[in-house]
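Handing you a structure now.
Each chain carries a letter (A, B and C) given by its place in the written order, and its residues are counted from 1.
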């Protein structure tokens, strides 16, 4: 398993001010698989997700100890380039957050900031990433309309396309379907499964069916700790911990 | 390290490394050129933000430098509590107590007049007016803010004081009351528009919740909506007070300027003299370096401290109100709080609301049946709008009717002749544009940079707190004090002389806080999720700001810039000693030459040139049209974009 | 796209601002010589009218006239920020110490007229009565021969040269009544008196529209403030007006001052209702 691990945390602890939000997390995320993080609200799963691409840097009161390795490199190494890390580890948020620009400009944004200015190259990247996100057919005739004119599900797929366009290896998804209706959710789940062929996906979700359907591995978190991490089938069929079982059977949470 | 930069930069320019296999994420310590730019921009913005502190520092130093001698001479206590201001008497005395009293009295009465009218108008616009009515009344009231103060003074001197004398059968109309009425009219648009924003932003659910319980519209307004908007309304009142206390030109034309304390203290018909009026009236004539001169700078320092005190008290009050409502506006620490803020407001609202309404116990609470009291209340509210609109109408009517006749091709394109009684005001129009343009060139980059630094780069540190305090202080600094500073620092100390550049910098400093404030607001309104989206794609901070945050914030920033153009174009006090001349044959050909300017021209015409009434009205008309056009532009920009950004 | 637009707008804004700031008017040919004249608003009308007449005959001259007050005039001339200062009062001791090289040019005299509202029946006052009104001894017009109406005392601000002269000549240094309403210009006083029935104020000779000038009762005879009476000194309240240069004037400043002193210049003085120099 070590061979195909892409992200690895060792004894990760994180505080927001006085609040101890993550406690001794040790976890190995397998490459080119979908890993789901589940757990009740406030258990720290989103916080953990935000550690992987150092989005917690943006919160001034956060303090972190322990190690996070990305392809064997410590992402907190003082020599590490946080922007390059975020290029390689993309993120999709709970609520679709397309920029108030055109569809095209949203998809091209990442490439532009990383220095691509050639129009043809941009066109290619935009088309490819929109196709990958299964959005191309729906928007190819109106690329220059405002992204905000899209439906919620389309907006979310645009956000996925946007992060694919910069060529990541890992895509972090923070409850990407919680603001969407069932049909849009199904489309995104299909997409997630397809993406796992080329990318590693880590997804935080409240929806246990979603975790069961779309993921290969599942981690259950509770009160800042990683209670259990294993193959999704194992977690859902034969959880090792009583806490996990209680949660997935709906006895609390 | 240099090598690392180069390689990285080259890689990027070659093309997007979509298929590069390496997963190398650590770079040499120097970082990439992108990061270099990011850091450099950060430093630059930081320097800009420091400018606000530096400006405040210089203003205080230069006022103190010229003002402390009066304290040496008379003693601090005697200066502050002396009952007699008579700098040129046989035994000169420099007591500013009557001036302080005058300032506070004029301001207090102005607030007594302005606050009910403004809140009434705000409630009317936000809750009662039909959309069509609202679209007329709101801009109309905002236009009141665009009328230059010297135009108000002109109006006050000619109409208001005489009206007071006749109506109240007083020997003289120049009085405390006249000053307060004028200041009230000037403060109303500020208070109304900020209070209206606050009222409109009270969530619909509160209103619906109350109506669903069977409350009348008025009961809902009184018990739910107004209490919910209380902190915004207090902020509005304080902004209005700031405007009132710093006003110079209008006040000195109507209060009579006798340095006495009204006897009895409630005698609103007594003439009074304010601190600002004293500066505006005496500064030009005083002998430089004399005790009187130092005393005037002492007056400026006192004025600054009073403004500061009012600001601080206000801040405490607002924080406390927000505290009771459970909103933690004043202490945002990082994005999390920003995000959380949206979810937890107004939890204690109902409790606070009922407490407040009981305290203020409205006049027709339990005495009348709800429907009758609603009718009474709406009547009063409509009345207050009517009064405000009438005030606007009278002023506009007076100036348009008398001024339009003076407008001719020659008046607009010629140079003044015969002391401005003939010829035109072209150099003054152009001079005004030069001054405003220069002020913008100074304030726009500096202000936007400061705001970006404050919002995007820092959390709540002692440094940002002091930058914010400095900005607040600049914002509360009366325009005449800017004038004095410009004179002491730019004209004399820096040796610019009375010149275009001295006026531009002075005006630039004056509008700096407005630009910073409005830009901050605009940036704050951009959701944090957009920033996160950009960061998550590997964008640097500056890339995120430049490409994601600034574009949608632009309309807000533009509105702020346009409003400050209006303010700069209409101000007399800051340019009176720094840049303005009465006449010049040629347009200025360098920054070191003085210019003509419309507000100053109007001031001199009305006060010094006999037989120029037509030209006075004409100049007032042109100035008014100019400033109103600018304000109208701001209103249109805002309306266009507020429709466009509704998602 | 939006980014381009944003950048564009910002750049244009800055450029416009910059250009206007830097600016340069190529509309007019650059004048060969330029002087600035700054100071007392009382002297300003003379300086301004003289400028117009002078420039009409000397197309290359560029004279800029600005108000600001006597203090600003003295300071600007002394510091060299202006070529000529204007003052409606003599130099103060602090000023002569700071700027020992200032040269005073007496260019005209200014009469000070006591004015009342046209509705007031009083036609003349003695100097003692005027002092009595301004120091608060008399508070009602019926004490000085008028009808029963409270006197509204109106004067200039305490920094004004006019007030200083008035204080020395009329008040003998006594303090003014503290309820005196103060204005910072002749025009302000004129406006005030013209609309206030009970007002008494003092203004320069040119500011008599809408107000009634009072005769001064000197030794039992009324002296009207006519040009003749003022010029020959029968009407006693007048004071000198000055232009100041740092050292003897040169070039355009000298020619401009000479023009004001010339017969033509003094005609301008008279036409603006000031008193030309005698002889």
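Simple rule for what comes next: a residue touches a chain if its C-beta (ideal position, glycine included) is under 8 Å from a C-beta of that chain, and two chains touch if they have at least 3 such contacts.
Keep in mind that this is a model prediction, so the values were computed, not measured.
What's the farthest chain from subunit A if centres are computed as the mean of the Cα atoms?
Max centre-to-centre separation from subunit A belongs to C.
So, comparing each chain's Cα centre against the centre of all protein Cα atoms, which one is closest?
Closest to the centre of all protein C-alpha atoms: chain B.
Taking each chain's centre as the mean of its CA atoms, how far is subunit B from subunit C in angstrom?
About 33 Å, centre to centre.
Measuring from the mean C-alpha position of subunit A to the mean C-alpha position of subunit C, what distance in angstrom results?
Chain centres of subunit A and subunit C, defined by C-alpha means, are spaced 77 Å apart.
Between subunit A and subunit B, tell me the centre distance in angstrom, where each centre is the average of that chain's C-alpha atoms.
Averaging C-alpha atoms per chain gives centres 46 Å apart.
Quick check on subunit B: which residues sit in contact with 2+ other chains?
In subunit B, 547, 551 touch at least two other chains.
Taking each residue of subunit C in turn, which ones touch at least two of the other chains?
Residues 2-3.
In subunit A, what residues contact two or more other chains?
100-101
Quick check on the complex: what are the subunit B residues that touch subunit A?
So the residues of subunit B in touch with subunit A come to 12-13, 15-20, 23-29, 31-32, 34-35, 333-336, 459, 527, 529-540, 543, 547-548, 551-552, 645, 647.
Could you pull out which subunit C residues touch subunit B in their complex?
Subunit C reaches subunit B through residues 2-3, 5-6, 9, 13-14, 16-25, 27-28, 30-31, 34, 36, 38, 40-41, 44-45, 48-49, 51-52, 55, 62-72, 74-76, 79, 81-82, 92, 94-95, 98, 149-152, 157-161, 163-164, 167, 173-176, 178-188, 190-192, 195-199, 206-207, 209.
For the complex, give me every residue of subunit A touching subunit B.
Those residues of subunit A that touch subunit B are 16, 53, 55, 58-61, 70-71, 73-75, 77-81, 83-88, 90-93, 95, 97-101, 109-116, 118, 121, 125, 148, 159, 162-163, 166-167, 169, 172.
Can you list the residues on subunit B that touch subunit C in the complex?
Residues of subunit B touching subunit C: 84-90, 157-158, 161-162, 165, 171-174, 252-253, 256-260, 270-271, 273, 280-290, 292-293, 417-419, 430, 433-434, 436-438, 440-442, 444-445, 491-492, 495, 497-498, 504, 546-547, 550-551, 554, 558, 561, 576-577, 580-591, 593-594, 604, 606-611.
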